[in-house]
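Scroll down for the structure; my scribbles are underneath it.
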């Protein structure tokens, strides 16, 4: 079989289109944000991607249906603005080769849809709960910096220190080097310990501001609050335990 | 060499045929059930599959003969009913690529034999000894649910939680997405700690009921009882030890 | 580059030739025995095999020369008898694919030299020092058993239990299934803890007896004795330590 | 996508050219030395190599630019002498196959530039701080030994014991066996615990002496001293702690 199999469902005429990459990753920031946009903007399925670079696994839905692991591309024509494409999925390619091939094949396909810019969404792991997560950026060209900064993206020196590994990095790298397409990575700060709607919401705010579309954030805000309550309680518990331990320490 | 080498021994004319996938897996349920059907229905060898996706290993039989690791397809024409195909073997493909390729090539080959439905047999690991193992199901299409439920297959919500990994899942996923062939997975409950004829027997009961063939279960029932005696004694021993420990606890 | 690159140096006309496979493995039995035959029979280099399936490594000789990892084939025409081919090397293929491909390509090449039988030499790990190592066998066909038994090869039921993994197994398996060439594996018993000339010598005795050539064993016997003295001293030391420990035990 | 993608920027006419391989490795000796030559000799970019054999990773520069992982070739025409080529990069190929393919493709490309000799630079790990690091050598042909020895390279028997693994070894091995091009490996002694400009400087001295070019070593000497001060302090600290521990030992 071919290593990557693309089932294309539609042939829309898109112009000057923008790809938003939101595969699973740190804090699942990218996936949460991308899935949210697809739902709120009622985007349409463009293509599904099956591949040996994804785990040999089917999921089982609540009503017993099997569902083969895949990546999916959605699109939306946006009159008067740049059209939108989104890449989401169950997994990133699981091997080094898979990372390159999956990203390359997506870019190769989307060239037919006048792809002209790539945003990848990801998480930036801080290792601790962040009160007000920042959105860090990285770009393929100097000319992009200004616009992002105006929209609240920060570019602290030396961050992210280890570079960007996986789909959020390689999509940009390949777009730039092999397709001559510019792009930017937007990374929402997150503890990295759980799927984090709070960081995803901050990324969504910045992205909608940059792209000039409006998106109802009420639902993701609600989910963020629920998570914060849970993690808040967990922190309290931990602090209580810690202080008790300290107390005992005096007598031990 | 080619990555997958198929030696085909027969060219039967099969109609509307059903594949039963029974490669080694959790509790070896699928393999035990499939091997049992082959023996009891006196099925014939259709093809052998050698591959780089299987371990570089020969087995040595009791009388010193070496035997290269392989997968094997058997068939049986069943007058007035759908013909039967069975996939068994020493191993599943050992890599992610191997999982996809082995399943894909089997489906590709069996298209020539009018393959029209796929059952995969597997185990569902409970982590403890199960008195009366259920048979869980997962299907590729809603229309299949009713028939399976009538034959005793259960579809509890959220089970199996992690989806189905390996041959039992990917055969169904690829059949559905790439060959437009429907299918179902039948998973017998098992502790998962040993090769489990009891779970395999439950799967056999359900499968023969669905497909409408009769199969003599006396031998597998006997093997199940032997295993239950052994595991029963092991459990007693464990409980005795545990209660002794408890006793000692009072004095310790 | 091609995954396997063969540099062929000679084009001898061989008839009814026999391949002896002696790549590194358990106790290095196969390699020690095969290297010994090459030296004592003054065999000639037929071909060298370089490959991505071998580690990316050069060795450095005593006088500072680098030497790329490889497998090598030697041959010797033996008037009035079956001609001899030997496969030796620095490594076995390091991946599953590499195991299949390296063995397949050797067999494919040697078909041109009228290959008609394959012996693979290996070790059978006992996990303890063996006083008088047996030579175990496994064959591809019943008709081979008698001759091997007459020459001292034993075929104990259920041994080797886990089959034969790696080059010694896959060469036979592929020869049989894909080239219709019979063969046998000769496994010298060894502790498996160190390179073991003693086990290799026993394999050499059996093999020369089967093939009807004479080989001077004085040198390998000498090396065996040296190893036995070292391991003998090590065992004494261990026993002394063990008995001292016991002594201390009474007072501890 | 192709597994290795080469972007060639220039087509210089080079004659009798020498490749210096300096990819990351033990103590980063090779990379430090090669980067230093490129800077000091103001070499020009010949080609960039992107590949699936490199990690799927972009780096982020101080000013927020992403930079896809790559290897790069530089060149310099040197009037009256052999022209110079240098291979540097962010990573070596990360798999066995990648090691072979990356080295092979570099050699294949450079044949067009009259490549006639290969030096690979590397580190030789001693596991402890070395006061005056030696430069060890290994060569593909006896005729090269004399010249290297005259320039201070040492060839101690049995070193390096485990051969040379990775790019520094395989470049030489493939050049010799597949391209009939000779070469030598120069290994600077290093503790192996950190990026080591001191060992790199010794390699540079030897290399410039062999090739007859002059290179200003002031900057790397400065960096070496800084490192030595840091590691010197670290050693003092460790010794102080060790002696204090000893002191305490008397009272404990």
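Order as written gives the chain letters A, B, C and D; numbering starts at 1 within each chain.
Going forward, a contact is a pair of C-beta atoms (placed from the backbone, for glycine too) under 8 Å apart; a residue touches a chain by one contact, two chains touch by 3 or more.
The structure presented is a predicted model; accordingly, all values stated were derived computationally and were not measured.
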item: Degree value of the rotation bringing chain C onto chain D, based on Cα positions, nearest 5; value: 90
item: Proportion of interface numbers common to chain B and chain C (over half same, under half different); value: different
item: Computed distance of Cα centres, chain C from chain B, in Å; value: 38
item: CA centroid of chain B to CA centroid of chain D, Å; value: 54
item: Set of chain B residues in contact with two or more other chains; value: none
item: Topology of the chain contact graph, where touching chains are joined (line, ring, star, complete, other); value: ring
item: Which pairs of chains touch, using the document's own definition; value: A-B, A-D, B-C, C-D
item: Chain B residues touching chain A - in the complex, by the definition given at the top; value: 93, 96-97, 99-101, 103-105, 108, 137-142, 145, 155, 157-160, 163-167, 169-170, 172-174, 176-178, 185
item: Chain C residues within the chain D interface of the complex; value: 1, 3, 5, 7, 50, 52-60, 62-69, 94-95
